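Both of the next two complexes hold subunit A, though its partner changes from subunit B to subunit C.
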Partner chain A sequence: MATKFITEQLEITSDSEVQGELNGSKDIIHFNRDADTGSAYCEAGEVTTVGDSHSGVPTVGIPMVRPGSVTGMSVRWAGSTGGTSGFCQLHTPDGFLFGVTLTSSVDITTQPRYTDEFSAGDIFAAFITVNGVDTMRDIVVEIEVIYDE
Partner chain B sequence: MGTKFITENLLVSSDATIGGEVIGSKEVIMFNASDPTSILLGQTNNSVVLTRAGSITGYTLLINISSTTMVSGSFEIEINESPVWVLALGTLNLLTNKFSDTQPRDTDNFVAGDRLRVTLPSISFFTNAIILVEIMYDD
Partner chain C sequence: MAIQAQAQNIESTSDMIVTGEKKGTKQTLLFTNDTGAPAMGSAILKMGTILGAVAFHDGTLTAVLQSRPGSITGVSVFFNASGSSTVDTFNVLVNGSSVWAINIPSHAAGPVICVETQPRYTDSFVAEDGIYVTFTSFGSSAASNIICLVEVMYDD
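== the complex of A and B ==
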């Protein structure tokens, strides 16, 4: 089948219906953790053993269905002491891929597609570090991805 | 309002903005478990009710085994408690086992209101399992 190429930005002001396959869609991958001090991997639902040895090369995590790239991260958390700060990183088999510095109770970062890419089957694990003696609780991490196919 | 039809493959090499509804979008649903008898959606052992009609297009499965006793079994994606996509896992290895597959749209279909769940029958134990199911909606 022939392909129709559009190289400019495309804006459709009405509805769009795809009857074939849809390549290049967005998705959100969720992690969570009840409470933490120091450094630890976030949980994937009820699975608490995500990541391993803080090496940045997790063998347990969320495996990706298709290849793509990471385009955003948001972290929502509550601190039990004032001035809580730290950072959250996405770890994959390629090591540290993407992260956000935690300075408030809601931290968000985005980046262009194709900046940090992953392959189908790569494992995602969210690694969070809390500075000093502060404690975080009710941590919710969302990783935004755009799939290539 | 008229409809513009594109019957070829469409490749947009720049950004695309859609001001209306997107009909035909993808979603990934995560299941997880630390017990073979209770595969969870978040913290709930239940099926997800699908909001729209569509089909199942892919999955990934990660099972971690800590015992030295080898186990085997199957992985099933079920619609309304009936298996529609079944994978024989064979004998699982100690530590991490990873499986994934994709299939064309409209192979395993569901309608709005159908229930989606996954099971790991015949597997007596594992340390944990993390499962993604990719679906594509029709509307």
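== the complex of A and C ==
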């Protein structure tokens, strides 16, 4: 089948409908954790994501269906004594892939597609460390990805 | 409103902005089970902390109801195996009927990862259909920390 290439930005002011495959779609991967102290891997559904907190190599994680890029991360958390610094990192078996420095109870970062890429079958784990807080709670992490196919 | 139809592939090497509705998008559904399945046993995976095996008023199992029609286009699976096996199976079910059985390749003890994709329209569903996932161990290996992403592609 012939392919029509469009090199300019395409803006559709009405609806678009794809009846074939849509490659390059966005998706959100969810992590959460009820409460913990210091540093912890977040959970995926009801599964505790376990990893080595120092080497950053997760042994359990969410497996990706297709290759793609990580394009965003949002983190929301609460602390028992009000500490407002730390970091949240996305870990794969190859180590640290992407992260955000925590400066408040809500932090969001985005980056261009293809900056941090992954392959089908790579597993994701979300690791969070908050400084100066006795207990973290109500942690919600969302990872935005764009699939290549 | 007029419709401009394009019958060939369209590849955009720049951005695409849609200010109306974007129909035909992909989305993944996360299913997990902490304790998993025993050897020679089965487990229904859960969405969040919701128990999968709860009967609805119509007698069907609890499932993730779909808001739109679409197709199941991909499945990725992770679990920790207690031993080696050659016959473990994941089933994706629509309204209680298996539509896609994924046979896990033979594996040793430890983490197991399996990814499969299929063309759109192969396994379709309609709005209000319920999707859920089961894992069955037919061998001597138990599974824990089961994590499964089911990819769907919506038609509208």
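The rule we apply is simple: the second predicted complex is superposed on the first by the 140 of 149 C-alpha atoms of A that agree within 3 Å, B and C clash if a C-alpha of one lies under 4 Å from a C-alpha of the other, contacts with A are read in each partner's own complex, and residues count from 1 in each chain.
Here, contacts are C-beta pairs under 8 Å (C-beta built on N, C-alpha and C of every residue); 3 or more make two chains touch, one makes a residue touch a chain.
Since we're looking at a predicted model, the values are computed, not measured.
Could you check whether subunit B and subunit C clash or fit when both are placed on subunit A?
Aligned through their shared chain, the two binders clash on subunit A.
What is the contact status of A:59 with respect to subunit B (first) and subunit C (second): first, second, both, or neither?
both
Is A:7 touching the first partner subunit B, the second partner subunit C, both, or neither of them?
A:7: touches subunit B and subunit C.
If you stack the two complexes on chain A, which partner ends up touching A:17: first (subunit B), second (subunit C), both, or neither?
both
Can you list the residues of subunit A that touch subunit B in one structure and subunit C in the other?
In subunit A, residues 1-22, 25, 27, 29-30, 44-48, 50, 59-66, 120-121, 123, 147 are touched by subunit B and also by subunit C.
Once bound in the complex, which stretches of subunit C touch subunit A?
By the definition above, subunit C touches subunit A via 1, 6, 8-28, 30-34, 46-49, 74-78, 80, 111, 113-115, 117, 119-120, 145-147, 149, 151, 153, 156.
Over in the complex, which subunit B residues touch subunit A? Could you list them?
1, 6, 8-28, 30-34, 40-43, 58-62, 64, 95-96, 98, 100, 102, 104-105, 127-130, 132, 134, 136
Note which residues of subunit A are touching subunit C in the complex, please.
Those residues of subunit A that touch subunit C are 1-22, 25, 27, 29-30, 44-48, 50, 59-66, 120-121, 123, 147.
Provide the residue numbers of subunit A that touch subunit B in the complex, in ascending order.
Listed in rising order, the residues of subunit A that touch subunit B are 1-22, 24-25, 27, 29-30, 44-50, 59-66, 120-121, 123, 147.
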